[in-house]
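Below, chain A partners chain B and then partners chain C, in two separate complexes.
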Partner chain A sequence: MTAYLVTVAILVCEAALIGLALNFQWGLAGLVNFGVVGFVAIGAYVTALLAPELGWLPAMAAAGAISAALSTGLALLSIRLEENYLAIVTIGFGEIVRLVILNEEWLTQGALGIADIPRPFAALGEAFGGDLVFIAFTGALLAIVFLGLEGLARSPFGRALRAIRDDATVTAALGKPVFALRVRAFAVGGAVMGIAGALHAFYLRYIDPSQFTPIVTAYAFMAVIAGGRGSNVGLLLGAGSIMALLEGTRFLKDFISAIDGVQLSALRLGLIGVGIVLLLILRPQGLVPEPRRRVADVLPGGRD
Partner chain B sequence: MTDALSMTRRSVVAGLGALPLAAALRTPAIAQAADVPIGMVLPFSGATGAYGPAMKQAADLVVSKVNDSGGILGGRKLKLFIEDSETSATTSVTASKKLLEVNKVELVGGFWGSPEALAAKPIILAANKVQMLSCAANAVTEGDTKGLIYRLQAKSSQWGPAGAKVMEKIGARKVTVLAQQNPFIVAMVEPFKAEMARIGGEVIDVVMYNPDQASYRAEVEKAFGPEPDAVFVLPLLTDMVSISKEIYRGGFTSKVVSLGTGADAEGKFLQAVGPEVAEGIYHLQPAPPIESASYARFVKEMGAPEGTVFLFAGNAWDQICITALAMEHAKTQEAAVWTKSVREVCNPPGEFVDDVVEALKMIRDGKKINFNGAGCTCDFDEKGDSLNRSFYVQLIKDGKNTPFAVVS
Partner chain C sequence: MSAPVLEVRDIAKRFGGLAALDGASLALQAGRVTGLIGPNGAGKTTLLNVMTGLVRPDAGQVLLSGQDVTGLATHRYAALGVARTFQIVRELGSLTVLENLLLAPRRQSGEGVATGLFARPKWWREERANAAKARELLERIGLWKLADQPSAGLSGGQKKLLDLARALLLEPKLILLDEPGAGVSPPVKQELIRLIRELKAEGVSFGLIEHDMHLIGELCDEVHVMAEGRNLVSGTFREVIADRRVVEAYLGVAA
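On to the complex of A and B.
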């Protein structure tokens, strides 16, 4: 049981990393990114290709950097677009990445996927029961990213992004470089998604295009919406709840024998949907809403 | 967003603290001490969800058959846990992990799709349990398998040459290939080309398409456009339904040779497209022992019409049979031990037997048996791949699958 929970915890960490990145782009800066899975896939493939050559740390750094660079490129191309159009462009990007990975066999081995990706601290893992070392690594990584993004969200940069999200015109009128700030926000999110992809490759040790379907993007949005858009603490709770729903329902059929297993598999995905709908009805603002910051918090003596 | 609804740090901490309890609400279903837990990861949802239910039905049938006849290892019952792979490698990992850690299974079987099998392979091997496959990608049995992996299915590299032999039989020299981009099929293309070259034929074009396309018209026109003698169409079920309609609409005259995974799928293809569209399509799949009495019994127990060619359901059936027999032979449920008995009960020499209950009895009597299953002869080489795979070729005529040939 413990080892199974560790597996789930590792996947929660991965989902939380992706969610944090999306929360930064969409929750904080208001940039809809429906191509999340594309950036995760790029991170995973860069890691899978480079880790055997360069070792895990340079590979992971490269995954973050390349994903950030591509984010920047995509942002420069499309970020002036209105929200809905940005959504379409990013969906397109996600699909392009998937198709390139599937068809450029010389680089990605196409549909066959890449196996035997080395894991960080593999030797140490052997000695201390495998996944425990990896969960420590994953947890540390998540903590670093969480603190980093939380720091950014509290910084003047984060404040400017929130202002752009709430009203870009007013922010521009106040002299903030809206376009440059948006591009930077998008790049930061892309880097974190790339790192999440690296983690995915390290954990599964085998990646193929079928792992990077739009459902990854959907789970990330669910985590952000369930947790409370704009709140990083909420995101952690949201990612945890979504994974608890996904995995917890697995146990239903071990206990309910009245319903056939095949029906229950279908029902399970339905139940997850119902759970999310209920969550949104009961707590439309998310589990932990974004803290409402007052003028007084920023400017001592300012009026509320 | 009002202050009344905003969360205090205390309630957040309480919520965080309660999270692990969500999993503990239900105590895990561990099989009773006397039961022998075994598991399967099968697709019930996602792109290959159509194949799971028949496999589950077959597995359930054989488990109750073994249990009703008194079980194994002196009266212990098999307890089967089945998880949905959702046609996803990531889900297959958590599902396998759950089976291994929570249900403590000795076998993780099923595995319709190669990506699911490849992703689960490292964790099953790390746990020293047996993995049985119904998938085809060569890579699964490559590398170190610790003698724990068995494939009940033909390998991709065996499917390709079989296709070339069908081309030879129907007199097709100039052919094109229309193939889905997936690990099972990609690995067939090169062996097919090599075999075509050997028999003096020519592959003039290979057209690949992506799974889940909205339309296949461009690809169908590219493959059939040069008017080859025949087109080797390598699909799964859902895309073959669209492709065959596209071929019919286009009025192309080239012959169509396809795979049982797409153009039969245990009868589902004919149900989906009807007789006119399906007319004249050849399809091949690894042959179950069609002629044997035990196969006829298996089809009857599955509640299917006589003559149905089950491929994956037979694999699931056999996985359970082999596990039960090997455990009985090794006198233990310990996977690392009974894996050494698999070839003892499956490979010749030995007395031929194709009924699992009968076979269990013979093992108890100390006889050396050679078990033959519902999906294949169940003989394995040292890597765990199936030996002696012959392919059964059928031609769709007047809305029915009719036997055409057996190639090996």
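On to the complex of A and C.
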């Protein structure tokens, strides 16, 4: 049971990392990205290929950097386009990544996948129990990313992104370099998705293309919608609730004997859908509103 | 006389088969309120969009204090001191009233990824200074008590005032207003007139598109009339409204 809880905790952290990244791109800056899973996969494969040679930290840094670079490239190509086109381009990107990984066997070993990916602090893990050390590592990683993205969201940079999301023309008329800001927002999100991919590779220690299906992207969107667009705190709650629903419903079969495993897995996805619909009816703005700069934050004495 | 704050020369712009602008020229002098009037479809808003870089002209030049800025990106115009408001109010609805104003100031050091994260003390100082200016402006236009409200909840007139206040925080040399009086209640209109006069006295230049002749007559030192994408008549408000061609442009020529 402990092992299972550990698994769930790490899955929640990974989902939260991916969700935070999407929340930055889409929630804050209004840039829709349906190719999330592509960036995560790139992060995971870069890590799997480089970690045995270079060690975990350079591999993870490379995962973030390469994913950010590809995000920048994709953004430069397509962000001038309207939101709908960006959606199409990113869907295409996610699919291209999957196909390249599947077919370029010299690099990725195709459908066989890559095994024996070393974990960070492996020696420490053997001394204290591998899962404990890895959970601490995962938690620290999530905390660092959260603090960084939350700091950015509350900075003038984040405010400019929110303004672009509301109305790009007005923001440009106010002298903000809309295109450059959008590209940067997309790159930051891409970097975090790459790091999430690195975590994925470290945890499973074996990756193959079947782990990177579009459902990963869908979960990230669910977490952002449930948490409230633009709110990182909400995102953590959102990712937590989505994973709780996803994992919690596994135990339905202990209570309902009339359905078999296949039916159950379909039912679980259905239940998550119902959960999202209920949430959108009862709380359309999401669980937590995005952070705003209040008078009391910047002026002593507040509004008096 | 010194170079005009903003000048456009022989601007042409076609949208498909429609010639929105066809050789329009206009000079806005420093420290004055210049009105731009004309019947619907005369090309006033398109000309304003050209003057702020939102629309790139097919031909012609845009000069800012004598310097050619034709074809620069929109955000560069604001950086060079041209602010504008929009005909249909486009507030940044999910930002609070205060945040709308805090967004505007130029050269904020917290607007990059690295500086946003690591130069916090610096941009917090700027933020406090800007907030003090924002407070002064909000008190002036009577929106201070709504400072923490999302701007989507403001009334039409309040949004227009917020739009103007936001433009002011750019500390522009020139403010271009696209129908500031449209859909605004009489008291707010009085408020607008008062505000524009005060700002003019402080040295800000204005360009004003308006259909409300009362507002034009009250504010403008000089009025240009446009029709069919071209200048028709220029002069003081009295001269212009007395001109037969202007009456014809508005009402159509009697056969």
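Definition applied: the second predicted complex is superposed on the first by the 285 of 304 C-alpha atoms of A that agree within 3 Å, B and C clash if a C-alpha of one lies under 4 Å from a C-alpha of the other, contacts with A are read in each partner's own complex, and residues count from 1 in each chain.
Going forward, contacts are C-beta pairs under 8 Å (C-beta built on N, C-alpha and C of every residue); 3 or more make two chains touch, one makes a residue touch a chain.
As the structure is a computational prediction, the values presented were derived from the model and not from experiment.
Asks: Between chain B and chain C, whom does A:R292 touch in the aligned arrangement: first, second, both, or neither?
Replies: A:R292: touches chain B and chain C.
Asks: Can A:V170 be said to touch chain B (first), chain C (second), both, or neither?
Replies: second
Asks: Does chain B (first) or chain C (second) touch A:L57, or do both, or does neither?
Replies: Neither partner.
Asks: Contacts for A:Y206 in the overlay, against chain B (first) and chain C (second): which applies, first, second, both or neither?
Replies: So A:Y206 only meets chain B here.
Asks: Touching A:G113 in the superposition: chain B (first), chain C (second), both, neither?
Replies: A:G113 contacts chain B only, not chain C.
Asks: Could you let me know whether more residues of chain A are touched by chain B or by chain C?
Replies: Comparing touch counts on chain A for chain B and chain C gives B.
Asks: Which partner does A:P156 contact after superposing on A: first (chain B), second (chain C), both, neither?
Replies: After superposition on chain A, A:P156 lies in contact with chain C alone.
Asks: For chain A, give the residues common to its interface with chain B and its interface with chain C.
Replies: 290, 292
Asks: If you look only at chain C, which of its residues touch chain A in the complex?
Replies: 52, 54, 73-79, 83-84, 86, 90-96, 98-99, 102-104, 106, 108-113, 115-117, 120, 123, 127-128, 131-132, 135, 144-145, 147-148, 166, 170
Asks: Going by the contact rule at the top, pick out the chain A residues touching chain B in the complex.
Replies: These residues of chain A touch chain B: 1-5, 7-8, 11, 99, 102-103, 105, 110-113, 115-116, 130, 200, 204-208, 210-211, 213, 215, 233, 236-237, 240-241, 244, 247-248, 250-251, 253-255, 261-262, 265-266, 268-269, 285, 287-292.
Asks: Along chain A, where are the residues that touch chain C in the complex?
Replies: 148, 151-152, 155-160, 162-163, 165-167, 169-179, 181, 184, 188, 230, 290, 292-295, 298-299, 303
Asks: In the complex of these two chains, what residues of chain B are touching chain A?
Replies: 1, 3, 5-7, 12, 15-16, 19-20, 22-23, 25-26, 28-29, 44-45, 52-53, 56, 81-84, 87-90, 93-95, 97-98, 100-103, 113, 115, 118-119, 121-122, 126, 137, 139, 143, 181-183, 185-187, 208, 210
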